[in-house]
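Got a structure for you, questions after.
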Amino acid sequence: MSIIIDENTKVLIQGITGNEGAFHTRQMIEYGTRIVAGVTPGKGGQSLEGIPVYNTVQDAVQDKEIDATAIFVPPAFAADAIIEAAESGIKTIVCLTEGIPTIDMITVYHYIKSKDCWLIGPNTPGIISPGKCKIGVMAGYIHRKGTVGIISRSGTLTYEVVDQLTKMGMGQSTCIGIGGDPIVGLRYVDLLKMFEEDEDTDAIVIIGEIGGTAEEEAVQYYSGHMKKPLVAFIAGVTAPEGRRMGHAGAIISGGRGDAKTKIKVLEEAGVTVVKNPAQIGQAVFHARQVRV
Amino acid sequence: MSIIIDENTKVLIQGITGNEGAFHTRQMIEYGTRIVAGVTPGKGGQSLEGIPVYNTVQDAVQDKEIDATAIFVPPAFAADAIIEAAESGIKTIVCLTEGIPTIDMITVYHYIKSKDCWLIGPNTPGIISPGKCKIGVMAGYIHRKGTVGIISRSGTLTYEVVDQLTKMGMGQSTCIGIGGDPIVGLRYVDLLKMFEEDEDTDAIVIIGEIGGTAEEEAVQYYSGHMKKPLVAFIAGVTAPEGRRMGHAGAIISGGRGDAKTKIKVLEEAGVTVVKNPAQIGQAVFHARQVRV
Amino acid sequence: MKIHEYQAKNLLKEYKIPIPKGSVARDVHESLKIWDDMTGIPVVVKAQVHSGGRGKAGGVRVINSREELKDYASSLIGSIIYTEQTGGDGKPVDCILIEEALDIKKELYLGFTIDRSHACISMIASAEGGVEIEKVALASPDRVVVQNIDPLLGLRDFQVIRTLLKTGMHIKIVRKIGAIANALYKLFIEKDCSLAEINPLVITEKDEIVALDAKINFDDNALFRHPDIASLRDYNQENPLEVEATRYNLNYIKLKGNVGCMVNGAGLAMATMDLIKFVGAEPANFLDVGGGATSKMIEEGLKILVSDRDVKVILINIFGGILRCDTLATGVVEAAQHLNIHMPIIIRLEGTNVEEGRRILAGSNLKFTVARDMGEAAEKVAEALRIRG
Amino acid sequence: MKIHEYQAKNLLKEYKIPIPKGSVARDVHESLKIWDDMTGIPVVVKAQVHSGGRGKAGGVRVINSREELKDYASSLIGSIIYTEQTGGDGKPVDCILIEEALDIKKELYLGFTIDRSHACISMIASAEGGVEIEKVALASPDRVVVQNIDPLLGLRDFQVIRTLLKTGMHIKIVRKIGAIANALYKLFIEKDCSLAEINPLVITEKDEIVALDAKINFDDNALFRHPDIASLRDYNQENPLEVEATRYNLNYIKLKGNVGCMVNGAGLAMATMDLIKFVGAEPANFLDVGGGATSKMIEEGLKILVSDRDVKVILINIFGGILRCDTLATGVVEAAQHLNIHMPIIIRLEGTNVEEGRRILAGSNLKFTVARDMGEAAEKVAEALRIRG
C-alpha cells in the first residue's frame, strides 16, 4: 500500500512537449510510471516517446483513462492548467511549476475545493511511492520501498532525509512534497489522515519550514487523532524576518511563521522535533523503535 | 403542514426602516408573522413596531434566533443583502426586491449553492403558508388554509389563481413566488419535490410564463418522480419575441422560451395545461376530483 | 436596452477589438466628407437601425464612387426601413455608417450571453458566421460550440482555446481570436450586457481579424450604474407611445390588436392578453401599471390606450393587493372625465377595497361595464367588439 | 518586492485614495522649489527608505521655514539611516518626500494581506492607527477586526461596513472609508500585492480622510505581468551582493555570520544554515543555486561568497538530483582556479553522479575538504573556524 498513487496510476503530462515536461516524462517512464497521454495546445496528434499528445485535457480524458496529471507549464499558464485538469475530472493533480502568482492560486484553491479532486503543489518536487510510481522531478534511485511516510515543503531537503532513511535501511511508503508556495492544495493535515489510515505506513516525517501556520494546523490534527509516531524537522531557525528564503512561502512576516514558534507548538503536542538536520534519520529510527 | 415556513418561523426584515420595508413589516405582523428583528446599517439600536433594529445581520443573529429573512432593500444593494444573510447562516432568504442586475445574481446564485440555505426570488411577491406565516407583499386575506400548493413566477396572476381557488373552496398549503427575474434561487423543481413530500399538499399549480426553460426543467422532474396532480398555466401566448414583458425574465429570445413550446412540453409529459386563465380554479378542482 | 451598430463598434474599439475604419454620417454633406477622408475604394454604407435584416431591406450597399454615395446617402438618410423584424412599422434611418470594404476570407461568430438555466455567462463560437446563430444551431448544432463560465473563475484562456479549436479553427487563428474573446467578455461584465455578439467576425485576406458587425444589448436593471451606456439610448428607434409610457413608469408594449388593456402586474397582464386572444379578439398592447400605481399613472395609462388608433375597446383588469381598488376606480373615473373617452370600457376589479371601488365606478355617471371575474370580462370584450363590429 | 512610500502614495492616488499634497526631492534645490510651491506652513519631510522606524531614527521632521528645510534636506539627502529594522547596514536616503502637514483628529489603520491559512485576501481594520498593527493585535486583539474575502464574491460593501463599524467608527466615517477600502482592495488585486496598508489613515480636523503613510509590497511571482510595478524597484535600497546575485538567477540573502554557504534547494539551504548554527557557528548567508544550476552559476555564487568580507569558511552542500554532482564539481574547480580562493572550502556532495564528482574534486590539485554527510560537513566547518580562530 501507499497513499494517492501506486503501480496502477495512469498519468497525464500537461506541457509534455516543453523542455522540462519532456525531460521528466522520460525520467518518469524510466522509473516505471505509467504515462498514458500528454497535452500541449496546438500539438495534438503528435507523440513523445510513443505517448500521444492532445490539444486539451478534455480530449485526453475522452480518449484515455487517466488518474493523475503532472503539470509542467510556465507560471503564467499553470493556474489555468490546474483548473483545466480539475474541470476534466482528473482526481490527482500534481503541479510542479514554481512561480505562480498567489492571487491566481487563491482562485484555484477555492475551485479545487468544490471539485472531487486534490491538488499537490504547486512548487513541489512531486510525489513518489517508491517502486510503484513517481510523479515528479525527484531522483528516483535514492528511494526505497518501505513503511515511512514523508510530507515536506521542500525538495532537496527531502532527498537528504530520504537518503538518511534509505541508508539506515528504512524505506518509504510515499514521499510527498506539498509545495513551497504560500497557498498549496493538500496540506499536512490531509496527508496525515491518509498516512494514519495507510496500512503500510508505520511512521511519518514532517519536513516543515518557516512561513505560514501549516505545521501548527498539522499539530491540531495530530493531537488526539493519530497513533503512529511522528517526527518533524523545521528548517529556518536562522532565517531573518521579512525575507523570502527561496520558496515564496518561506517568509516570516509580521512576527508570524518563525521556526521557534513552530517547534514549540509541535513539541508541546508531543511530536519529536529534530534540531540537527543531519540526524533526522536517527530520530525516525528511534521513534519506530520506541513504538515497536 | 406546509413547506418552508410555518407558524414557528422567526423572521428578520432587511431594510426594515425603508418605506417598503416598514409598510410590509406592519402588514406581516398583522397577518401573524413572527417578526423578531430588523436590519438597517447605521440604525442599530432603534426599533420599529417594537421590533429591534440592528446594524448588521450578524448582530441580529447573535441576538435573536432567526429562521428566515425578508429583503426590502434597493436593487443596488440587494445582492449584498442576500449574501449577508447567507453568510450569517439564515436558512430561508426571501428577496422581494425587483431590478437587481443579472450579473450580480449570477454571483449570488453560485454563492447560495455553496451554503446551507435557500433563496426565494428575487422579484418575488414572497411566500405564504395561509393562516401560519406570510413573508412577502401579497394580500393575505385572499388566501385560505388548505391543501393546494402554488408555485408561480408572477404576482397578481397568483392572486387571481388563489382567488379562484379560495372561492371554489380550495385552500392553499403554501403559495410561493419563485420570482420573475432571469436568475432566481429556488426553482420549480426544488419546490415540486417539497410539495410532493408535504403531507398536507394534495395538488400543485404551476403558474409559468414566457422566458427561459424553468418550466421545461420542471417537467423533467415531474415525469417519473411525482404522483400528485399538477396543473399548469403559462402566461404569454400572445407575447411578441424579443420584448421584455414587465418581468426581467419574461422575454422570448433567440426563438427560445415561447409559451407554445412550454405548453407542448408540459402536455407531452401529461401535465394538465389550462389555456383560459379564467378557468384555472376549475382545472384544479377537476384534477383533484379525478385523483380522489 | 439596444444600441446601434456604430455605438457597439465604438465600445469594441474601447476594448481594443479591431473594427473596420469608418464613421457615422447624419446627412449627405457629412457622408461626402467621410468619403473624402477615406483612403480606399469601395466603401460599405450601412443604415443604422435597431433591426437585423437590413441588407435584404436595402439598407446596406457597397459604394464605388462619390456620386453613387451621394445618391444612396440622400435616399437612405431620413427614410424608413422595413425588415422582417420591424414588420409594418419600420424603423427610421437617422444616420448611416460608412466603412472601408474588407477582403473577407472567412466569416466567424463570437458571442456572449446569459445562460439562465446554468445561471452563468456563456461564450458561443462558430466557424459559421454571417448568419443568425440560432439558425446555425438549429441546422447543425455541432457547429455551434458553447462554453459556460464559472463566475469564480471567469473566462479562462484554456476554455477559449478549447472552444475555438472545437469550431475547427486553426491554432494560429485561435490565439488571435482568444484576445478578442477575452476583451468581449470583459466588456460584457463591465458594461452589464445581456448579449454581446460579433457576427460576422471576419478573417481578411491579410489574416487580420476584424469585427464586421456587432450587436450589444444591455441589462435594463443595471443601467443605473452605467450612465454612459444609458445615454446611448435612441428613442427614435422606439415606438412613441412606449417612450411616452416610460415617462410615467408604465410598462407598455404596443401590439397589433384592437383591445387595449390595462392591468396591474406583468403576469396578470400577459394572462389578460392571452384571455383576449382566447375569446377570439387581439390585444392591442401590454400595459402593466404595477403594484403601486397612482391615480396619475392610471390616467396616463388610459391616455396612452386611447391614443392608439387601433384600439376599439378597453379592458381594465385589476387585482388589488397593494394597489387598492378604490384608488384605481378614482383614477379611472377622473381620467375618463378628462379624456372624454367614447369607446366601451370594461372593468374587472377584485381584491382590496373592491366594494368601495365598484361603488365609485357606479356613482360616476360614466358608462363602464363592470365584470365580476376574468371570464365575464373577456366575454364582455368580445360582445363589445361584435357590437362595434 | 518593496517600494518607497512616495511610490505607494502615487499608486493610491491612481486609485483615487486621498493623499497629502506633496512632492519628492532628490537634492536641496528641488526641496526648496517644492517649498516655494507649497501653500501652507509647516510641511513634513520624510526620508524615503525601505524601512519602518524612520521617525525615531531622525528621518522625519516637521519644518517651519525655508531655511530649516534647506538645512534638514542637505543633511538628510545622501545620508544613511539606521533604524531598528535596518540594523547596522542602514539604508541610503536618495530622496525625501515633502508634504503638507495635516491637522489630525484621529489615526486609523486599514490594510489588506494574504491569509495563507484560509487561502484568501483579508481586510484588516483598526481604530488604533499609527503604530504597528502586529503590536496592536498582540496588546488588544479585539481592537483589530479582520474580514476574510471570498474570491467568488470579492470584497462586499456590507463586509466593509460591518468591519469598520466593529472598530467603533461612526457610520458617517464608515461610509467615507468604505470607498477607500474598495479602492485599496482593487489596487491589491490588480497589482498583485502581498501587502497593502495605509497606516495611519487619518481623519483631519475638517473630517477629511487622508492616507498619511502607506506600505505596499508585491508578489514577486506576479511581477512578470506588471512591468510598471517592476520598474519601481530601487536597487539602492538592497544589499549590493544580493542585487549582483539576482543577475545570475541566484537566490542569495546576506546575513551576519562568517560561514558562507552554497546549497541547492531552499529547504536544504535553510537546513544547512541551521546546521552551521547548531555546531556553534553563524551562517554568513542564504544561497540557493537551484536545481538546474550551471557551472557559470556555481562560479558566480562562489564569487559572491568570497566578496563577503565576513566570510571565513565556505561550506558547499549539494544533494544532486537534476543538478548532477559532476557538473557541480567542475564548476567549483573552475571557479576556485579563477578566483584564487584562500579560505577553507568544505564540500559535501551526495546524489546523482556523486562518485564522478568526488573524483573531479580529488583530481583538481586544489585543497577542498570533502565531507561524506551533513553531520561531518558541519564538524569540519567548526574545526576550520577553530583553526583560523
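Letters A, B, C and D name the chains as they come in the text, with residue numbers starting at 1 for each one.
Just so it is clear, a residue touches a chain if its C-beta (ideal position, glycine included) is under 8 Å from a C-beta of that chain, and two chains touch if they have at least 3 such contacts.
Since we're looking at a predicted model, the values are computed, not measured.
Student: Applying the touch definition from the top, give me the chains sitting in contact with each of subunit B and subunit D.
Tutor: The shared contacts of subunit B and subunit D, listed by label, come to C.
Student: Higher C-beta contact count, A-C or A-D?
Tutor: More contacting C-beta pairs are found at A-D.
Student: Taking mean CA positions as centres, which chain lies farthest from subunit B?
Tutor: With centres defined by C-alpha atoms, farthest from subunit B sits D.
Student: How many angstrom lie between the CA centroids of subunit C and subunit D, rounded to a whole number?
Tutor: Each chain's C-alpha centroid was found; their separation is 56 Å.
Student: With chain centres defined as C-alpha means, what is the inter-centre distance between subunit B and subunit C in Å?
Tutor: 28
Student: Which residues of subunit A are in contact with two or more other chains?
Tutor: 107, 110, 114, in rising order.
Student: Show the residues in subunit D shared as contacts by 2 or more other chains, in ascending order.
Tutor: 150-152
Student: Quick one: do these chains touch in a line, a ring, a star, all-to-all (complete), or other?
Tutor: Drawn as a graph, the chains match no named shape, so other.
Student: Report the complete set of touching chain pairs.
Tutor: A-C, A-D, B-C, B-D, C-D
Student: For subunit D, which residues are in contact with subunit A within the complex?
Tutor: For this pair, the touching residues of subunit D are 85, 114, 116-117, 119-121, 133-134, 138, 150-152, 189, 192, 194-195, 219-222, 224-225, 251, 253, 255, 263-278, 282-283, 286, 288, 291, 319-322, 350-352, 373-375, 378.
Student: Provide the residue numbers of subunit D that touch subunit C in the complex, in ascending order.
Tutor: 151-152
Student: Given the complex with subunit D, which residues does subunit A contribute to the contact?
Tutor: Result: residues 75-76, 99-107, 109-110, 125, 137-139, 141-142, 152-160, 163, 180, 182-183, 207, 209-214, 217, 233, 235-240, 242-250, 253-255, 259, 275-279 of subunit A touch subunit D.
Student: Would you tell me which residues of subunit C are touching subunit A in their complex?
Tutor: 150, 152-153, 156-158, 161-162, 165, 171, 174
Student: Can you check the complex and tell me which residues of subunit A touch subunit C?
Tutor: 41-42, 55-58, 77, 80-81, 83-84, 107, 110-111, 114
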